[in-house]
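See the structures that follow.
Shared between the two complexes below is chain A, which pairs with chain B and chain C, respectively.
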Partner chain A sequence: MIVASLFVLYLFNNLLTATASSQPVELGTTLVALRYRDGVIVGADSRTSVGSYVSHRAAQKLDTIGDYCIMARSGSAADTQALAVAANQHFQARSYGGCPPTVSQIAHWLRQKTYGKDKSVSLILAGYDPIEKRNCLFSIAQTGALLAHTEPFVAAGSGSSLIMGFLDHACSRELDESEAIKLCVTALKLAMDRDGSSGGLCRLAVITSEGTRQLTFLPDDIETTLKIR
Partner chain B sequence: MGTLMASTEASVEATSKPIEHRFSPYDFNGGTVAAVAGPDYVVVAADTRLSSGYEIKSRHVTKLHALTNQCILASAGCKTDVDQLRSVLDIRGKMYQHNHRKPMQTPSVAQMLSVTLYGKRFFPYYAFNVLAGMDAAGVGAVYSYDAIGSFERTGYSAAGSGQAYVIPFLDNVIGNRNRLEEKPVLAAQEVVELLKDAFLSAGERDIYTGDQVEIMVVTKDGIQTQTFALKAD
Partner chain C sequence: MLPAAVPSRQHTVQPMVTGTSVLGIVYDKGVLLAADTLLSYGSMAKAQNIPRLHAVEKTVIGASGEYSDFQRILEILKAKALEETTTSVMDSLYTEESGMTAENTWNYLRMLLYSRRSKFNPFWNELLVAGKDLKGKPFLGSVDKIGTTVRDNFIATGFGAYLAMPLLREKWRPDLTEGEARALLEDCMKILFFRDCRASPRIQLAKCADDEVLVSEPYELDTAAAWQAEAYRQSVGELEDDGGW
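Let's turn to the complex of A and B:
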């Protein structure tokens, strides 16, 4: 009886002594990418957490790779940042040969870097293929599975499961740019309000045949574009 | 505490280490509470979010409980233990009132809470408490507790998941630490505004704190309540 009670105290103690050093820096995250009439839009929240502490509340989870591709990161902050740097270095060197990389090439290269490795990485690749002249959506899951998406949206990260039904309903017809931006921000806000590891700002990137541009919004105010780097 | 959707261990490690499954009687439901004592008032504040793991279970659950009309118990931790603790204290308070023909004074409630918590020393209430009320002399009193009943009267206190973000701020603004000016005497409404700021900051940096703050001001005339909105993310 005493042994059982002391053991309960031990369990209790474990809950109290989870220190920051025993927890990784995680991009808990909600990532959303949508096709719209002129291209693709990809959006992310801005919360980086260490356990229950928000270590960065205005993080930038969207990285550009080349002129026409955006990589949206979730999982381990360290692992995904290292990947983004490696991808940029690799594809910049390749582009000196005169041929810009396609989203598909970038996605397949990233998969090789993550499959079978002890890395916690889950990515969305969104962009415009300048050779075949079409928009692409790829995702790489934690397992390393690469999927080329033909459907109108992709969502990833811990907050994504909360908004799948919403996106199924909302993406039933083709959208113009402002509708797509509104939809992306709304989806992110819904996930951010329910997922503990998502929150903060909505970071968006719009990719068309002309290139990429990045936007930042407060979830409650999409009339004002913030300039927060 | 919740875990993220997929473990970082690759499939190789899953078979090489034994995995132990065990029932845990505790869950951490999050949230932050804080209290500040003044010369003739005490202000208590608590957020209203109830979480479990990475989910929000409710945005509108109170962490404040008035044990008498001069004494409030603010508790964060495991909701079921907090509820049971409140029940037990209410019953003991009622018995006291029957036996002594008057409600318990705050210092007595403070001692009773300590004794009640220590009574479960070997299977503790997972409750992090701050007791706030008017003492026998009509001066504001704040008592801080640990989970097994050790307590101390302090000028201000905070507990729960956002404790580490609120206390240093109160150290500076209420305790006058690292300041060169004279310590000012603050009115109750000024303290209310300071606590709103403290919870805004805690809400930004702690995933378990948010939605709404409930603020109660206790004076000799009783308890007044107000609410203040926080971000929902």
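Let's turn to the complex of A and C:
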């Protein structure tokens, strides 16, 4: 009886005294990548959280590696940022020989950097392979498992489980670019509505044989693109 | 051989279905409360149109924390209110003519929450109580899960205590009009939506002024304007130095 109430006291105390130092900076996140007729679209929300606090409400979770590959980051902000910097440096050096890296090479290299390491990292790699002339979707899970996806979509991050059913239903046929953009933003909006760790803006990247374009949307306002580059 | 001891009573000490901040402010003619209408289940937004401000007689109670505990508290208060209507003045629990005011309710809640905490089975809530005090002046007070009471001109629970209180302290004046008080609360609720993972832009207001108690229907805040800064909308590589992590 005394042990039970001491235990209850311990739980009570811990719940009352959680501090910011014990909570890492996390990319709570929803990441979505879709194939469409002309290429691949990757989308991410823009919320970085420390526990229940939103430390950055306009974060950028999509990083370009080379001209044809986008790395979408979720998990620990620090770990994934370090990986993005390392990947950019490494593949920039490799491309000086005149041979740009393929998405598959980038994905395999990243797996080597994450498997077996004590890092909290979950990534989507999406892009266009200029040598084999096809779209690629890869993901690296928390444990370091590398998956090459042949299905039309991938989703990752804490908000992804909430929209898997929706994406299964919505990706039943091939889409053109504006349909794919609308679908990506809708999926992100649905996840952001229900997942407390996702929110803010929808940042998208469109990758085709011509290269990469980046767009930003307010989740409620697909008609008005905030920025096109 | 004696059988192994089994705990005779189980206590829930983890909140499951929770509401986030509630804000309150006293203005020239009364008290205004604001809260969003979101119920969270951990990090998931479980229900998005749930009122967390309730009127009981001439008092409005707002709760953050575990929703089931709030429902139980409302049940208890409604039973007390009913008891008052069926009791003669001589047998009433309240010695003043004003009967069940907000100040009385606040004191009663203090006793309720403190006694539950003393048994290691707290009502996992932070409550705001708004209405009139025993002298008929506007009243705003809070009671937390361990029975702490505070009476002040502006109070915020949960994340609001960190994010909204500095703004309320800066802008409060004793002669605030209702429109100014409402604008201030809405501004605070917008900031909470941006910076609290468990907040939503769908909010509800409640007013206790003169002799009326009004609880509004939920409505959405307009948050689009806060995303217009160029720095938010630029993509990677366009910002100097770090690329805008």
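General remarks:
Methods note: the second predicted complex is superposed on the first by the 216 of 229 C-alpha atoms of A that agree within 3 Å, B and C clash if a C-alpha of one lies under 4 Å from a C-alpha of the other, contacts with A are read in each partner's own complex, and residues count from 1 in each chain.
What we mean here is this: contacts are C-beta pairs under 8 Å (C-beta built on N, C-alpha and C of every residue); 3 or more make two chains touch, one makes a residue touch a chain.
Remember, it's a predicted structure, so these values are computed and weren't measured experimentally.
After superposition onto chain A, partners chain B and chain C are found to clash with each other.
Look at A:D168: by the touch rule set out above, it reaches neither chain B nor chain C. Of the two partner chains, chain C is the only one that A:L62 touches; chain B does not reach it. By the document's definition of touching, neither partner reaches A:E210: not chain B, not chain C. Once chain A of one complex is fitted onto chain A of the other, the partner contacts of A:L218 are limited to chain C, with no touch recorded for chain B.
Looking at the shared chain after the overlay, A:S158 reaches both chain B and chain C. Contacts of A:G116 after superposition on the shared chain: chain B is touched, whereas chain C is not. When the two structures are aligned on the shared chain, A:D195 is found in touch with chain B and with chain C. By the document's definition of touching, both partners, chain B and chain C, reach A:Y53.
By the touch criterion defined above, A:E26 reaches chain B but does not reach chain C. Counting contacts by the rule stated earlier, residues 5, 8-9, 11-12, 15, 28, 47, 49, 51-54, 57, 158, 193-197, 199 of chain A appear in both its interface with chain B and its interface with chain C. Of all the residues in chain B, the ones that touch chain A in their complex are 1-2, 4-6, 8-10, 22, 24-26, 28, 30, 51, 53-56, 122-124, 126, 147, 161, 204-208, 231-233. Partner chain B is touched in their complex by these residues of chain A: 2, 5-6, 8-9, 11-12, 15, 18, 24, 26, 28, 45, 47, 49, 51-54, 57, 76, 116-120, 142-143, 158, 189, 192-200, 219. Across the complex, chain C meets chain A through its residues 5, 7-8, 11, 13-14, 40, 42-45, 48, 120, 159, 194-198, 224, 227, 231-238, 243-245. Residue ranges of chain A in contact with chain C, taken from their complex: 1, 4-5, 8-9, 11-12, 15, 28, 46-47, 49, 51-54, 56-60, 62-64, 77, 81, 158, 162, 193-197, 199, 201, 203, 214-216, 218, 220-221, 226-227, 229.
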